[in-house]
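Chain lettering (A, B, C and D) follows the sequence in which the chains are written, and residue indices restart at 1 in each chain.
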């Protein structure tokens, strides 16, 4: 695997749209060629090299390419968008749409990301060491196909609208989450190790939510069923199982209605 | 205006009867002229290329309230599909429901120059006209819907044809409409109570009338007026297994009625998107093609024309004034559902739909559409449409051409189906080896629809005196080609003239044209009763005033009025 | 002598009443009286006659004072500002006609602006919900002629849409509703016992910010499932009862407003309300409608819909149209310093945006096009007064149910004043010159 | 002493009429430079009706006149008509939806008898220029 290192040298006046920072766009290119890739500030087209110091070179394919991005990237959008393979390490905070529509490969952000990270994600791995913004692993506006595969791990907290319209894949949040989790989800698994506020599983058709901490307000459409002993992301424990959303439509399998499941850890 | 001489192309023109012979086409002052009439034309060498009149679409949902619902409620339909502005081209977006700008350009790119908006809710006529105004290049007209209109229901309950006709004439003028459209007659009014009319004898709640009475009455009123187009029909029971009997029952209501129109059409009913109305079986498990039965009827009845409503196997957006059908659809696929019931007039619904080659029913629908065209004895009466965007986006017309012109292309598609064998069993298509010629395609996409619209004096051919709407395709019909070459060539006209203006040059948009809006001004005897009824309904039941209803002025910056005199 | 103009359309709110009568002087220069309008609508017409009206553009000086400038100078400043900006915000577009919106759209397209309208602080979240779940709706005449169950959820038409209840919803006698209000059951859901609630049969005083839960409870109740004893402050018995009232109706209409679009959950509240409506269609007929507030905000969503494909928050900066509320919406753009110039027409963000956003407008190059003096004109660098749309110039406007109506000019604007459309047309021409397109 | 209440904003007919008559006019301040409090909250606040109060949230602070709720009772909920006064204190968080949280901002209300309620233009101008106390 070859490594390309980008170090931000000029901050954009507004925001930098850099959907070319992907192993797919870099593959087969030398540093000079990578420097020539287009990026945008408002309506103006620029070259990547105007904002980044670029060293190293890419591998022949995306899978053989690793990108390390350094510096304050809190005004850089779209890092890793639509990537299919390879690896990106972001050494700092990044702005919106990190790993949006990604299909494969791995992104590690050693900082925070803003909203819409992992939008419509299909595969691969997105690891956020800091906090994530709103709409993590959610669907793009209007789409009924949200995150369908891959795994997102957040060490810190996540914002509102986590996993909206999720159909598959897994999201693990180490800290707390804001309102609306797995709204409209039809599959997938969300693990919240900290506390949740309200609107968990609203309009949820299918899928699983696990909460280790408190839930401020439970949806009226979730009904307590039983206590179960299970292991979740390496933690064994007793959980209260709720099913819902009782107001929503559900499929039937072998005559049984399939509900979404919400597990809350029971703490002594 | 510039003169043009399109030299030596292979011309396909049903109006002149030219079947691919090399010929020259001359353009002057916006019209086709004899080549001798030119003095110093710009010459376009069309050697080795195909030349046809501009395409005419008899049925497409491209402008108006439900189309815009389809745009605005589907941001995902535009994701990553945009085209940036450049030169004279404005920015474009949208796949199944493109922006008006893209609609105009994409039709032009296929060599189409006239497109009729298939359903205009009268109360929203202004909106429809605003969108058509902002659709470049194309000549357009819109069909106001009548089949669930309270005036029509009340007049036809007592078979008052003259009053119905007077009301139609008034509404065409008020809305600047082109033809009489009927969608699920009575069923959409029933839907205002959450109900439906599932066959032609199913009475409309409260109004004490059946769909059959509405259909027959509107045909008669249409012929009473002698409008350019016939009554334009979308029957009850669309999209349901076993519905072909309802379709045949609807067809039969036209029997014995002769056209009364000086505009040269032969039909008294145009039935649209017949693919959706040709299903046998009694459930989605055993649904099968009844295209043979449908076409046996069509082929033997000259006073009927139809269009296909071809499924293109895309993710698309369904939209229709058939409110109950859209509700039925959203119950099936659970996708987002928009509905608008329109006071005293009509309703509509919009639901996204994914026609997947992996789903048996979708593949059967695909086959049925093609069967309709391939079983047609007279291509002048069977037109190519996708009921855009219902069965698929109009940009797939070149792909449909490919399927119609090449058995190999059809076989390739069969092979791509997950349930190929079941699809073959439920349909006739695998046993049909007919391959349509470009001449027949020109009948189905140009001369036929122009004639059925009563616009054969303007569009659909290359005879001198017609509008200079001419498409030149980079396609040599005399050389063997892979099926995909058909799709490529006819999706990307090399040159296109609209009313003598070159709107595409070397495959690029060269002009935004001078789009016109066609409407029909039918003069009838003064009818005080109808005017009294209209004013009373506005006073008591409408939420806009009578004086704020009529569409006037700047909504049609370039109108083209077709005058009809039905005074007696 | 005076003359009376009839069938006049009111340019205040999305109700778009079209039965006003306006008395003007014989020469058409003075507006004298307004009939049939609500108090707010009448005031809007009369304000055009204010003696102290500003009739010429003005530019803020370094010392904070205003200096009168010519329209030509204002056009030049605006064109330069937009042409120089990398990503200008062009906001407002509600108190104007569709013709100006179309011209403005072309301008926005050329300068690569973000186009946003007042839905962004009003029913924008409803539009998001519609994109997620759709919307079964109808025209207001359907309500008048058929509806026997009326729900006002988080809206207060007695104050915000004063003639709505009499023209369309509670009181009118329609074709199938000959008994008027006695044939209808009215439910109001609001954390306050509002003046609208006082004319309702049922008021559910929902705990503020818990609409999503209460709506969810209705869906659970429809299906006959068990509810917790109290949801959002409402005892379950009342919820079951209200759910039954809705199910037993022949035609249910739910109107909703800012109480749900601006409270916690926002688009999700609407989403769930639409789901309630969908559910009701299993049992009876039901429709739902946003109480669009601002005159022609609906129209700008329509115009942008057919031109760009999105109803608000349209980012044209890259030469094509993109959309994602949360990123391309005015308050997010301002908060995040994503735009470098602000153009406002037909709205007053200075009064109606959170102050943190207003401060950002103050800090940027900015132009406000508005007949009034407003908090926005107060913080912008240039203020361009224009003719009142719907009073001094007509044009197309869309009602809250998307019905388009041609508005009427009833009186002449003061001598020499431009209209929105003229001003935008001139700026567009100048921008084309500057950019050489 | 200060009381804590949940602030919502919105339209009133007086807000509409005075806005259309001119936001620079005193009537607009009379209509919108107010906070409607429930009698129970007045009691807790220990203030007379029509007293100027300072309303403070995490996001800002503004002086308005406290009046009795016109559409009550709604103890614990306070109402400032939509406008620049309300917008000094509302929660601007959009939760990435574009919509600030205009309804449901926790605020503290305390008597500020001697502080004036500014007119709309003056309020916004001074706030922008950092001239507010």
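Keep this in mind: a contact is a pair of C-beta atoms (placed from the backbone, for glycine too) under 8 Å apart; a residue touches a chain by one contact, two chains touch by 3 or more.
Nothing here was measured: the structure is a model prediction, and the numbers come from that model.
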Chain whose averaged C-alpha position falls nearest the assembly-wide average: C
Between A-C and A-D, the pair joined by more C-beta contacts: A-C
Rounded Å distance, chain A centre to chain D centre (Cα mean): 39
Distance from chain C to chain A - Cα centre to Cα centre, in angstrom: 34
Separation of mean Cα positions, chain B and chain A [Å, integer]: 44
Averaged-CA centre spacing for the pair chain D and chain B, given as whole angstrom: 56
Residue numbers of chain B (touch at least two other chains): 73-75, 77, 335-336
Residues of chain A whose C-beta touches two or more other chains: 115-116, 134-135, 140-142, 144, 179
Chain C residues counted as touching two or more neighbouring chains: 128, 131-132, 264, 318-319, 323-327
Contacting chain pairs - touch in the sense defined above: A-B, A-C, A-D, B-C, C-D
Complex contact set, residues of chain A against chain B: 140-144, 249
List of chain C residues in touch with chain B within their complex: 6-7, 9, 18-19, 98-99, 102, 106, 109-110, 127, 130-142, 144-146, 167-168, 174-176, 250-251, 278, 281, 284-285, 287, 301-303, 305-311, 316, 318-324, 396, 398, 401-406
In the complex, chain C residues that touch chain A: 85-87, 111-112, 128, 131-132, 210, 212-213, 216-220, 222-223, 225-228, 231, 264-265, 268, 271-272, 275, 279, 317-319, 323-327, 336-340
Chain A partner contacts - residues on chain B that touch it in the complex: 73-77, 79, 334-336
Partner chain D, residues of chain C touching it in the complex: 12, 39-40, 43-44, 46-47, 50, 120-121, 124-125, 128, 156, 158-160, 162, 191-195, 197, 205, 208-209, 258-259, 261-264, 266-267, 293, 313, 325-332, 335, 348, 350-359, 362, 372-375, 378-379
